[in-house]
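Just passing along the structure, written as structure tokens.
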Amino acid sequence: MIRLNLSIELRYEIANHPSDFLFNIHAAQTRHQTIVAESLQITPPLMQVIYADPACGARFMRLKVDPGTLIVGYTATVDINHHRESPAHLSEVPVSRLPPSVMPYLYPSRYCQSDRLRRFATREFGHLQQGYWRAQAIQDWVRQRTTFMSGSSDVSTSAVDTLIEQVGVCRDFAHLMIALCRAVNLPARFVTGIDYGADPALGPTDFHAYVEVFLGDRWYLFEPSGVSPVMGLVRIGTGRDAADASFSTMFGAITSGAPLISITALHDEANGFFLPQPSPDALSSISSMDGA
Amino acid sequence: MIRLNLSIELRYEIANHPSDFLFNIHAAQTRHQTIVAESLQITPPLMQVIYADPACGARFMRLKVDPGTLIVGYTATVDINHHRESPAHLSEVPVSRLPPSVMPYLYPSRYCQSDRLRRFATREFGHLQQGYWRAQAIQDWVRQRTTFMSGSSDVSTSAVDTLIEQVGVCRDFAHLMIALCRAVNLPARFVTGIDYGADPALGPTDFHAYVEVFLGDRWYLFEPSGVSPVMGLVRIGTGRDAADASFSTMFGAITSGAPLISITALHDEANGFFLPQPSPDALSSISSMDGA
Amino acid sequence: MIRLNLSIELRYEIANHPSDFLFNIHAAQTRHQTIVAESLQITPPLMQVIYADPACGARFMRLKVDPGTLIVGYTATVDINHHRESPAHLSEVPVSRLPPSVMPYLYPSRYCQSDRLRRFATREFGHLQQGYWRAQAIQDWVRQRTTFMSGSSDVSTSAVDTLIEQVGVCRDFAHLMIALCRAVNLPARFVTGIDYGADPALGPTDFHAYVEVFLGDRWYLFEPSGVSPVMGLVRIGTGRDAADASFSTMFGAITSGAPLISITALHDEANGFFLPQPSPDALSSISSMDGA
Amino acid sequence: MIRLNLSIELRYEIANHPSDFLFNIHAAQTRHQTIVAESLQITPPLMQVIYADPACGARFMRLKVDPGTLIVGYTATVDINHHRESPAHLSEVPVSRLPPSVMPYLYPSRYCQSDRLRRFATREFGHLQQGYWRAQAIQDWVRQRTTFMSGSSDVSTSAVDTLIEQVGVCRDFAHLMIALCRAVNLPARFVTGIDYGADPALGPTDFHAYVEVFLGDRWYLFEPSGVSPVMGLVRIGTGRDAADASFSTMFGAITSGAPLISITALHDEANGFFLPQPSPDALSSISSMDGA
């Protein structure tokens, strides 16, 4: 079991007119990720509308905010009890047997133009043996080809751009891996969260983006940017790509500061809490029963 | 009430290996569109897996097909009893009050990069009075700026391309209108169907693509390409854009012929069946209760 | 007559290996722009290879630089005696009578995809009366539609991006105007220089990019970003677009600091030197005899 | 020596208004390609303005054509006496020693966005030993990765598109090879011509596009699409990419038929005329003295 304590502080300045926010910053609730405790502090106090997407455990919060300063603080203690599977047991699911709810993750999306990459992906990955290892081969290929560089991409950067330019941040690694997976008919999607265990040299802790691939009967985690162990990823949002899973969608004239985020892990082996570490197993933080 | 009879015949050649198809050709079932009769003929006979998306009434059929020829024939008699509303009564819904299920249709998608068009759309449409008329102004703007030309675009063509190049087919008109709507925070989505009433000079009847915009408490129909009256549109599929709502998604080495499609309308005023015609009302073919 | 004094200081750090630079920072020499005095200081001292393009007066300097710090200092006193013409006398030249050397400036280039904008430009500008006023109408359209914002674009940003996103810096304004001109068969090209008279609120003086359009028998100046009067532009480089006319092209692992640039104008009416100011005339800083 | 006889017939319909044409269909005249005989027939008879670019031997013809049908017939007998060099003797030229006239072919252009491919090209080709073999390795890489398919691309297709989609026609192969060469600082440009020796299964003879790379003291020929031996290429036009070297640039409302082209080679060994065949040598059809 992994226990992570996280804290997020977001700060915005709203000009002139009341503005709408849609936040997706609550830790997700799934059969494998439990919220032990959490608190939310909105300054100034505002009416919150919170709703959940049962299929992926994501929680959304809407705020309507008057001009001025908005501060959103969220803290949570989260236990993650990953589903583990031996990679050798995980096979790809034929298209004809994919659950209907998984089908949309085969299609191209805003930042993952898998339709344009069919030849490319088939040449690189079409001959590999199907299964978990193929998804991992795609992950490794993306990681090896792409240089992690802060500020090297922007909100318009797509998988095709990253493939061509071979540089990006975590979201770009995720988009490229997703696009290449879909291009060989592997359902793949975008997950956001907070990661424990990144090298501090990469800069302050920030929201992180990673990947899930559907194998066997559920979604398994991949971290193509390689900055932190999969085991240390707190799950927040899920989507086809970053267009769906922004931690904060703003409607209005708003300026935002950099998020202040911290995360720690509990090390208490006597009580079964281990630090996140690389694992030879395939890991999942969501059950095929979530959303059912 | 509108009664339409439609017939679709699709033909494919499958090379070498068994291939998977996902069809979305059944007329949708909603509270406003009723299937009076339908038949499906698959040659050679094959096991079909059919499932519906209750939220939009779309029905999907999967086939696994051995090498050789596949012919899919579908006929249906469909009654459409549109929900009608006076445009003057239809207002835009503030983001803070949109149903959660509508939110994804505010985000950019594969072919509708609304994120890149915010300044453009705000300059053109930001000052217009909100409501049905603004959606219609966007529709008219797209129709007036874009030349309908068969073969002028391909499966990679996006809203940005169409805005720049000002030429396209129905799907391109739809993508551009959707992208511009989302760029001013109007939820918009892509609908496929068969249209009654197009000018035969435009060529043989084919699958058609059009638009829905969320206004008041439901999705209202728009036909930006202007080739047929909204009233003559049989609803089939729904999605964020064409990536989600293809009538046929193929996995394998397959060549396809042109679809053979026909559609007729019943004219029987004594029994309440009228021919589709332009309407001053806003029309909807799906209820806010569908999917609930 | 305009007399401008300019000073440029550039600073680079070369890592590991000897690296090549191609600079285009000398003030151009044309029949209308005279170098009264200039000096160049390279630290450390290096062999310079300097050559000129007689057609546009541009001068290029190549350096091969060992690892370490490179500082390039250039100062010049430049007299500009513009060719002036009444806009009413300037007509567009039919394609069939354009000088061969002008033809390449009708074609699309890296950042000016005029081929994709033919319908767009024809709709917006095709009906306008041909001549200087049409070029100015295109300039004004670009200026009115595009927001000047530092940092809003990068080296990959093209005219199509700027048309869509409606934001950019001087180089983006120039690219968009050039692309739209070529799309209606007006030869247009990219000019770099230093501008006198910009609002200091826009930040420190930097290299500037502007536009020339071929009308009558020569190239006339346009400044689509509107940040400084055409009369205050010292000419440096000329190209189809920014791909050709970078002030500094580097081959190697190099980091560069921000340029330090200053420019002043001589005000000495007794001797015929006037401050740059807006002019109702069409102005040219290059002769049809240059390069002949 | 190679002697080729070629014949070109082009047909156009000009609607409504007099229209301008710029043709680049004459065989180029260089120190290695001699025009033994040629004839030109314009129907209806029209005044021709023909001019040459001495640097590359290209000849351009302008026509102003009234509404109606235009037929352009051109035949030529061309002797090509290639400059030959052993690949082992051909080294890359350091940027610091490239002739100024070669520099523009290092820069990105409309269809060859080498600026975006620096990391990609450096990873794939940066470690290879410099020289002819590296250019050939890039050629082979492009040929091996790209599927030749008629109709798979259009006039907007660029090197980046071809790299991503891995399909195209000769012009796309050329653009991709050029972009990758420039991205590792190898000057490369686009050449058009008629090719002898293509497999008839590829369809009727058409204009062809291929590549020149600057090595040693001149431009050497490469044929990345691999459809015909380099020795069988009649040189016509030269440019940075297809934007510069179209065989026909039209200004007006014009419809064009498919070109009718034929080419034969003289086999007369007694007189020193050999059929084009693959050669182990590096071949050039232009001299460093051309244009001097």
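By written order: A, B, C and D. Residues from 1 in each chain.
Keep this in mind: a contact is a pair of C-beta atoms (placed from the backbone, for glycine too) under 8 Å apart; a residue touches a chain by one contact, two chains touch by 3 or more.
As the structure is a computational prediction, the values presented were derived from the model and not from experiment.
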item: Joint neighbours of chain D and chain B, given as chain labels; value: A, C
item: Interface sides of chain B and chain C: same vs different residues, half threshold; value: same
item: Most distant chain from chain D by Cα centroid; value: A
item: Mean-CA-position distance for chain B and chain A (Å); value: 31
item: Centre-of-Cα separation between chain C and chain A, whole angstrom; value: 45
item: Distance from chain D to chain A - Cα centre to Cα centre, in angstrom; value: 48
item: Interface hub residues of chain C, defined as touching at least two other chains; value: 116
item: Complex interface listing, chain D residues touching chain A; value: 116-117, 119-120, 123, 145, 147, 160, 163-167
item: Touch list for chain C against partner chain D, complex; value: 20, 22, 49, 51, 53, 60, 62, 64, 94-96, 100, 103-104, 106-110, 113, 115-116, 155-156, 185, 243-244, 249, 251
